[in-house]
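Same chain, two partners: chain A is paired with chain B first, then with chain C.
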Partner chain A sequence: MNDPRPRGGGLIACIVATIAVTAYVIALLVVESQIGILILLAGGVAAVLAAARFGVLARVGEGLARRENTLHLLAVVGVVVATAFFHEDHFILLMMATVILYVLATLGLNVQFGFTGVLNFAGASFFGVGCYTAAVLSMHTAVPHILVLLIGGLMAALIGSILLLPVLRTRGHYAAVVTIAFALLFKTFLEVNDVLGGPQGLRVAGMNLFGWEFNDNIQIGENLELSFYVNYIVLGLILLGLAFAFVRRLERSWIGLNLDAIRLDDTAAACFGLNIARWKITAFTIGNFLTGVAGGLYAMMLGFIAPTNFTFGDSLILVSIVLLGGIGNVWGLVVATTIVIILPEKLQAIQEYRFLLYGAMVILMLLFRPEGLLPRPLRRYFPGWQPR
Partner chain B sequence: MDVGYLAQYVMNGLMLGMMYALVAVGFTLFFGVLDVIKFSHGDVLTVGAFAGLATYLGLDLLGISSPVVLVLCVLSVSALCMALLGALIARYLVLPLRSAPPLNTLLITLMLGTVLRESVRLFYPQGANPKPFPALLPTDSVTMGNFNLRLDNVMMLFAGTIVIVGVHLLLTRTKLGLAIRAVAQDEETAKTMGINFKLIVLITFGLGSALAAFAGIMNGLYYNEINFGMGLLLGVIGFSSAIVGGLGNIYGAILGGFLFAALQTVGAVAMPFASAYKDVFAFGVIILIMAWRPTGLIREKVSERV
Partner chain C sequence: MNRPPPPLLVASDLSKLFGGVVALDTLNLEVRANDILGLIGPNGSGKTTFFNVVTGIYPATSGRVTFDGAEITGFSTQAVYRSGISRTFQRSRLSLPLSVFDNIMVGNHKRLNQGLWFNLVRRGAFREEFEANFEEARTLIRVFDAPLAERMFEAVAGFPMIDRRRIEICRALISHPKLLLLDEPSAGMTHDETSALMDDILEVKARFKDLTIVIVEHEMGVIERITNRCVVLNFGQKICEGTYQEVSRDRQVQEAYLGIE
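Let's look at the complex of A and B:
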């Protein structure tokens, strides 16, 4: 007999949880003193553990998973509230925009090896292709900037297609070396190439959308001035929303099912008539496209790019985000990116040791919770649907 | 082109190739026994070089100046320490992840590499700066036209060859080597034959890491300088070499190492573009080779492939 009551927490619980998370993130961003940050971090971990212990986490998670639209709305509201709270703090808004764009980039990686199992250790390189495309097009041509982002993504997909043949033919560790070699090749190429600025890098023009200059602060009325990063947060959020909806639809569709089948067992998938090459190409290209788009906007936001932004180490950070979040789980990316981007910036006291601690953190994670922070749940075809 | 220059390039290429081959053999050993990639290998090499330097400085303080004693001490201390480190890595990071996806092992060792690299930078006195490495070998040289043959390079090439041949003999002629090969071939059967699986794995990782220490010291002696970041690129090159040669095959690793050095040298000398593009060229060719031979030049024996 099925329980007629809906399982999981109610709507109120979900809203309360969102408010708590938003407030916590804001507090974390506000606090400057290192002791305060450490106390907050410890408190956050303790709260999550306690919530998990008493089943609150599972109930809220279940409740949110059933009300997917509510979850999306709440997430957007949370970001908007945080943005409004910090409306004139450039640095914090820059961090938030970076998180949004990294989530967009890692969504691409997620399609590649979260869904399909195609390894890509050159994520930062495809990100870089988007960046450099944006730099060249925005400084030397009059292409509308929104198209520049699109072209950045297409360029990343196009350059990725050079790697298609070796990526398709190799597997496992052999496939890893193809993208690793590409990551090193790309960075070295940028460094020795004079046309693209060499080691000094390139300047990038700020985003200009239909005459709206993104790099000017927004003046509203007499005494309200918003940091110009708000522009990038809004556009980034819109792009992320589109990409997110797209990836979710992809995951839920028969295409997503095919991709999963290929990841889990490509021999069996081939026996059932799936064209492995086609789907691997699809996933690799879509992933690179998303990463490239994110790169384009990121370059415009920073206004300056150099080869040191696109090292193999940066690609590893992207891979770690996907792994930390829980391979294949799009929400895990949000959590993991927030941790990976914001923590090192906030813990200035340990700035020197941050890579060390960061490496140690991932090692502990892999040893004790290899499935990631938020393991990927079973696919839900109809969110909110109850078996009767 | 002048014969002297040509000989010089060949010599430099051989030196590089020897270092790459030593690193690649390590990768291939690890892959052989456990089917894992230990990506911290390059950084183990860095730590090995720094351990060698520290040993030298310690001996220098003690007033020992005999070059033979110095070289032997530096090599053995560094190799022993790294063997221990490698075994520890295998015991506490690689073996616990046996049942996890291979990506996790790759990532955990990559992160360990970061930790090692950062530790050298932060905790070695002034570790962030490049360190001069003492010239422990005789620096005599013979000059023939444009070719300058340095005695220390010849000695290093010779020593490298001996080490590689030694590893090969160890693998093919001794009982330990037999055990390593048995574990590599079939873990279950090896276990039923009474081979201590865990011990063999630890020994193999120790052996591979000692090779990395040797390569690290060779690198220091060759360039007369070491720095905390040198292992990353060497590790990636060694990995690429092992892959291009064919994982799990010691000949493949050696072939791959020398092939990569040859590509770099050709890219620097014989190609129409600037020599700065040599790595771009070398990695580009590696990608092409992977497209042509997806499991390496010397093919891995894969029976379960359908």
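Let's look at the complex of A and C:
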């Protein structure tokens, strides 16, 4: 208020930081040798620690928080540059698309757990509902595929409503146990259900958006061919952008405040007229919808789904992303998902032990930095708004 | 002669049992409009239980509560709040990670537009409501402490106890309740802080003419200074009522507090 000029890093510093992060991620994806990756990881950690030590991190963070639109633009440009760089590498583009869709799914979990405090250990199940909806509708009906994604989200929200009664009647750990039970039941149900393909799973048609076949490589001119995964990255990024804006608005409204108040002290919240059930239902439904939409597109991208994709372990991965990233912080999800998805793929040595790694990361995080990698900032209803 | 106004809050034969423990025992109690009523009594005499039963946190075992001419027995906490009663808690129950403004707005729930469409899509209208409420909250908190009004977007966790009490009272006042229940506002504060907070409460009472306050308190100096009437509870029953001077001379009250046989 006293200083109208934005403090913190200038625009140039923010751009430099984005270039550095993009270059680093690209390097991490390019390097194949295990030693090289370990060196890069160590270098990355050291660079972040050094930047934090000298206050660079705080300044750039503050600068970006003050220029949210710039931050969003830079993030999209970063993804586009990385996509262009790997334009024909199927495997790496698949990883990038997976990260995007997992961020979308964990956005839903973030509304439930991060904002409202409703622990959902069945995230992968609701993701799976989206996947199976996409499989059935895309193979057996002529429903336009963009609607299939929407229906996948609605189905996840609908099936989630089965859990509403037990979740509302229990608190904390007990509600979590209910969702664990659901996650286990869901996978068993898929395995024994022949209509849904049983343990073999189902084939899923590729996305077709008004005649634009997503499973064809993109031919540009004579000798430039882009991997078909680029299609999924583009659509995933658009959906993620919409969901991101939606969750941000939710957070920066009276509703976001209600959700926080219920998480922090539901007795006090009830004494000020908050209808606990109404807001928990709202958050749970919105969360499952987002997770289901992510699942729908994920299934179309993979082309094949089976019950083993939706185990309790997969749900745990989603929860650990929210914990690692910084409970309630939407940008934390991006960072945490990138680490959780890409690290085990690149470090083959730890692939077998990925759950051990996630467990250790979550325990270390909760012990030494319980607010997560990127702690959630205080709510600003309108960023940059200053009282008169 | 003017007839006295009807009492704002009436508890008739109100009882609350926790298993075999009788926390409120056929309590009959009236709160007159515009009073600052002190509710006193030894530990475990049922003062906080009375607040919890009135606000709907605990259901009454038997008896009735009427507020402003209408029965509110068995109302949910939400319905009690909407009818115009708000409260503070003995152990401060603010949301520490949230900002001062956020905490106060939780108390304003019934006056804020909670529609999904309004909150998510009509951001221009939302912004107007937000700015109007910010001004109102800032004006209210200035009654307590002007510097605090400049720190509306800081986390409550960073404030000392006296400021937290002020914020908690603002949260209860922002919705313009008819009745304010203060549960031991001096708990955990020094003598000087308590004194400053009582100045604030008297200032609030001077500004909101129609506000009625019930205050549970152990500090007799506080009770003597700010209340115009007192009710003394012991074992869940009313043993005495009157001005502070009257009740402090009462033999039953002295027995309850000092154990005189």
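Everything below uses one rule, namely that the second predicted complex is superposed on the first by the 375 of 388 C-alpha atoms of A that agree within 3 Å, B and C clash if a C-alpha of one lies under 4 Å from a C-alpha of the other, contacts with A are read in each partner's own complex, and residues count from 1 in each chain.
The definition used in the following text is that a contact is a pair of C-beta atoms (placed from the backbone, for glycine too) under 8 Å apart; a residue touches a chain by one contact, two chains touch by 3 or more.
Worth saying up front: this structure is predicted, and the values here are computed from it rather than measured.
Peer 1: In the superposed model, does chain B or chain C contact more residues of chain A?
Peer 2: After superposition, B is the partner touching more of chain A.
Peer 1: Contacts for A:L264 in the overlay, against chain B (first) and chain C (second): which applies, first, second, both or neither?
Peer 2: second
Peer 1: Give one of first, second, both or neither to describe whether A:F272 is in contact with chain B, with chain C, with both, or with none.
Peer 2: So A:F272 only meets chain C here.
Peer 1: Would you check which partner chain A:S253 touches, where first means chain B only, second means chain C only, and both and neither mean what they say?
Peer 2: The second partner, chain C, only.
Peer 1: Return first, second, both or neither, reflecting whether A:R379 touches chain B, chain C, both chains, or no partner chain.
Peer 2: So A:R379 only meets chain C here.
Peer 1: In the overlay, answer first, second, both or neither for which of chain B and chain C A:F210 touches.
Peer 2: Touch status of A:F210: no partner.
Peer 1: Using the superposition on chain A as set up above, list the residues of chain A that contact both chain B and chain C.
Peer 2: Residues common to the chain A contacts of chain C and of chain B are 267, listed in rising order.
Peer 1: Under the touch definition given earlier, write down the residues of chain B that touch chain A in their complex.
Peer 2: The contact residues of chain B facing chain A are 31, 37, 93, 96-97, 100, 102-104, 106-108, 110-115, 118-119, 122, 232-233, 236, 239-240, 243-244, 247, 274, 276-277, 279-280, 283-284, 286-288, 290-291, 294-296, 306.
Peer 1: Which residues, counting only chain A, touch chain C once they are in their complex?
Peer 2: 246, 249-250, 253-255, 257-258, 260-261, 264-265, 267-275, 282, 378-382, 387
Peer 1: What residues of chain C sit close enough to touch chain A in their complex?
Peer 2: Where chain C meets chain A, its residues are 55, 57, 76-78, 81-82, 86-87, 89, 93-99, 102, 105-107, 109-110, 112-114, 116, 119-120, 123, 126-127, 130, 134, 138, 152-155, 171, 175.
Peer 1: Sort out for me which residues of chain A touch chain B in the complex.
Peer 2: Per the stated touch rule, the residues are 113, 119, 163, 165-166, 169-174, 176-178, 180-182, 184-185, 188-189, 191-192, 267, 312-313, 316, 319-320, 323, 352-353, 355-356, 358-360, 362-363, 366-367, 370.
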